[in-house]
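My questions all concern the structure below.
All chains are identified by letter, namely A, B, C and D, in their written order; residue positions are counted from 1 within each chain.
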């Protein structure tokens, strides 16, 4: 907690997007500031200038730094003295805007934390990766579920071989909020998420299946081979998928199954993942995130809980905890863990130290390319009746 | 409970298979006799004559009717006076023996309760169906999970339209007991189940995926269109699949996903199914079978429990209950519910009444054909890299 | 399963009570016959002669042995040849009738399985214990929850010291069915249970708190010292308690807390018990009986399941299982386990062998005395504003 | 979120206690700042001056305002211009220090947020209440569990009569961390909590039973009548209770049962509460706080989740949510909800508006007096063998 070593001061954050009515903008600001390592200093909160200004007090942004466009923000901040200037830009806009903001911010030399999916399409993602590679900025992608302590715990367990060879990854990300045609009602969230010009080539698969795919990759490090995908649109008139399933083969022979739904009545944000290894299996569910069940044939099922003092909780798991066992941490805290890992590198950069860009603890620009490739290939497979298409992208981490 | 109306006496059961060391034979006898409607009267408990005799006392079978082969059993029973002769034969042998026993029993005029999968392959199943059609016997197939009160409840809810149009069926049947090569150890259960000459064309898919497929069909009545299946064998040297996933399209446009595993560490018999409709969704898990969760957007999740007095429990659900809410019923009781429904028809037959053979409450010979077709087509699809193959068989019920 | 060693035949059961509309009579007959070790042979199913006769076919009792009173039953059976005569009497009547039936059956030399609470009051219980002591019969009391595999498992774990010294027992037995004044409606079950002349001195405490007290005693073997009890009647006009709580001190210094309710909306038969020891704790819940959670500081929570093949399942746990892990067993099967343990002793007796009467695996006449003493002392304490009263009775087992 | 209406700026916080190694200090600062309504501005973080200084950067406190005692803090802040001066003091010290800090802060005119239990003993609490009454400050007590959305939901449901007349409150607060004599090891947390000179008259009952008692009061508004309490110390040499149970009678005839343990192996912070009313019951468990189960006889169990858009979530429940259903909120967010309600009143005060002091949404000084009275009377009862003692204090809210 507290200052950013070795920088020894808070980082200054600019938020793009997040105007009134936004869900994810507020999440970014709370997560970034949770551990007192950053302060929201500037913003371009809306493409509507009036809303941009009006939303600033919500974040404690001074009117002077409540900009009405991201371009203005970047220009103005660059003119400020280094010790006042923002350190990083968090992007919480609809998907189709991510690229231009991120590209400009990176080119301006600012670190970036971008919401997922990283861009509108793969071409943008690949271009952005090149831009980042040619820069020295820290670029984090907020696949927030990777920040849960139990996920970090599982990752270390699996990468260290505790579960043996991995045979299977089963994930389901099930929601219900789009079972009615919300996009024709008042819902701002529903409107852009079901609009191909804003959301990208996929609906449910872009919005949530990417999380599920990313989490399996993050937890296991398995490199994918091919995917066969079947997308469905169950709500009449909807222009993007609201349901789908993908079969993923991995290079080591493992099999992945992934189902995403936004049309399952009553389900909220019910994301679960189970991983089979030759020495053990584990299962985690986002809606009860402080627990993970670990199983071995012939032994009692073991419920691992977020217990920073327990011997079976490894270094990655422990580092992601703030408070003792039994005091639940949740969505914001996991999100903050992604930020914190990025802050570590931002502080290093600011002090001239090197940092790992590709295999970082936080999800990053490489993960973003993979995510966009996943979306593209799932859509392509689905358009050809679930044909097998390649899923291995050169930018894959590990 | 009690007598079989309008017959007014217990039914006499012969058990084929079930010798010492059998799991499923005992289950059949307990289930058949649970409600005092049948008594085990004769048996051909093992192909080993000594074991056949030695096992008889376990079932309370008189030595005189402890036969050493099913042929002997059928012959001898036919010679007994009608009021002593068995009423039905329960078949609890390994899969490859089902057909010949069932065929002979039906031809001898005995009702049959056969374990699943019904036969060794589809050809046998289709032939057996013809034999049954040409007879007047009652033929039940013990897809026992269809007997759980919550499943019966769900079926009536869905068939009556309470969930609206069905969009999706997700099922997972996850076990772990074959994660080690048990077939090379002492396990009799593992040995025949992984032997293609006894188990049939599929391993996990024949043993458990058939249950999952059948349950989805039973609960929804949706007719299948095509299947794309990917089977895996994770244990070295194993000759049949121990893991696999199938994507099923239904004629109404619904999508089914089904994963079966016998190699997930620590999982026992973890079969769960979730069904999405346009008006609601529901989910049930076999290991906690007295509950079912029903969900509607914007409403509290509803946990239906096995409560025969509650107004929301429908006639099918209620009829499957024996005792008040909170007193759990489980595996044997569900199995007995399948038997009881078959007994209803056996009693009708014995009294010269007609009965419904294709859309019966119990799973039957038509379901058996569908099950064998499912196995055949899944194997065929898998062999062609998960190609789409037809899944609609003329014998499908409904 | 099967025959009763060394007797080598089924035992013949007479059922007293259990006429049409009874819940517990059917449970007794199913449980007794589940494993093919007994057959219902005779009955005095109702005090109403017509109902007694009419109910007989439900149990497969021949009309000739469908008696119209327990006296007639005992007299008639005694006159039958020994190889036709019943072996034991199961008593499933309302509480106030238990004593006279049991006393007469024991004096007639028949083994008895009696529903709980054993008698109407303590004096009857003590007298019955004397009668049993002066006989050579097997006397079992159907505290059925003691038959669950996980309870047997826990008992052996605790008695062998696996949890260390026991510090605390917390139990809650929560139902809701009497939250309305059911006794003024149609409910036969409610009517006698809330009638002091039939149920005894206590309502909820006689009906369900006795189970909770007994289970704690059975699992831990701790001898009680004193009890302080507070009984409440929340439903207007009810004549017995429908809610209450008891604090129990044990001789070793442990503290017990026990709450029973019949007026908690929506609760079914929600009986849970948790036990704290210096080396570990465990918790079990009747409505999900195939699981038990075992906890140790600093270790993952361990879910023990009913897995007869697992190394951590001890001999008592394993002996109580019929089928593999993941195939749930439930209420009837637990009840049958109590019967089976009694059958073991009945077979021994019939063959002239000795058997343990006081520390038997099944709950027995000593437990019955303790249960009646518990009820009496709870009522006495409650009448004196929860004063401490002694709870240690000389007849306590162990 | 954001600014404090009608004040329109962030509030300035001073933290007393919370030096390195503290658990609750960090919780207070995160909770207070979570929604961007306050900023930690000053601190007296430790009684050890070096630690006080060294801990300041963790909270982003300037060295100039990192005081070495609370007296210095109050004096120095009073000398600052009003627009720089702190608005409130959060007290996160061990219990025995609460009083002097709070008393001084109130007298200096600063608002206070005090950790619970409010003081070392009842006399201090009563004196502090008088001091607060004679001031115009806002005084909040951080009974943080009252901030969970489901608790707020339940409170409104109950106070509006949705559950009918309340008959019973059952609560259990079960931990295991003190099952070993941690106080003789390295644990700072254990050391002061088991030291009567720092913790007060009770151990587990002061630390956690107060939460349970308070939550029942907060949710139901029932006024207590009497308590009978039995405290135990299971760990040798410990000077305070580590286990105990209390029976509470309420003025309306309801019965409360409350058990607290710090010696139950493996239990973390397992606080659950269930409330019975004549029209329904509900149950909530802190370790899975986004759910609450609501039950009505004859209806499915209803799982209410933290869903700010659902019609069955009332105004109080909705106001306590930040993000959509399925994205779990947890401990920090609940704690922040207590702060936010206090901030509402602090902003009113700063703008000269009146506010409700006794029946505030946040727990307050009146609750603090009740809590200390509860501890005192539980200890008194326990010392007289669980005698009934009065529990109604004049300062009780409602």
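By our rule, a contact is a pair of C-beta atoms (placed from the backbone, for glycine too) under 8 Å apart; a residue touches a chain by one contact, two chains touch by 3 or more.
These numbers were taken from a predicted model, which means no experiment stands behind them.
Q: With contacts counted as defined, which of the two, A-D or B-D, has more C-beta pairs across the interface?
A: Contact tally favours A-D.
Q: Could you tell me which chain lies farthest from chain C when each chain's centre is the average position of its Cα atoms?
A: The most remote chain is A.
Q: Quick one: report the Å distance separating chain A from chain D, using the average Cα coordinate of each chain.
A: Roughly 34 Å separates the two chain centres.
Q: Could you tell me the distance, in whole angstrom, between the mean C-alpha positions of chain B and chain D?
A: That pair's centroid distance is 55 Å.
Q: On chain C, where are the residues touching two or more other chains?
A: 177, 267, 294, 299, 301, 305, 307
Q: Once bound in the complex, which stretches of chain B touch chain A?
A: Its residues touching chain A are 167-168, 170, 172, 174, 176-177, 179-180, 228, 230, 232, 234, 243, 245, 247, 253, 255, 257, 259, 261, 263-267, 274, 276-281, 294-297, 299, 301, 385-386, 388.
Q: Using the touch definition from the top, list the residues of chain D that touch chain B in their complex.
A: Within the complex, chain D contacts chain B at residues 293-294, 298-305, 307, 309-312.
Q: Inside the complex, what are the residues of chain D that reach chain A?
A: 1-3, 8, 10, 23, 26-27, 29-30, 33-36, 40, 57-60, 175, 177, 267-270, 286-290, 305, 307, 322-333
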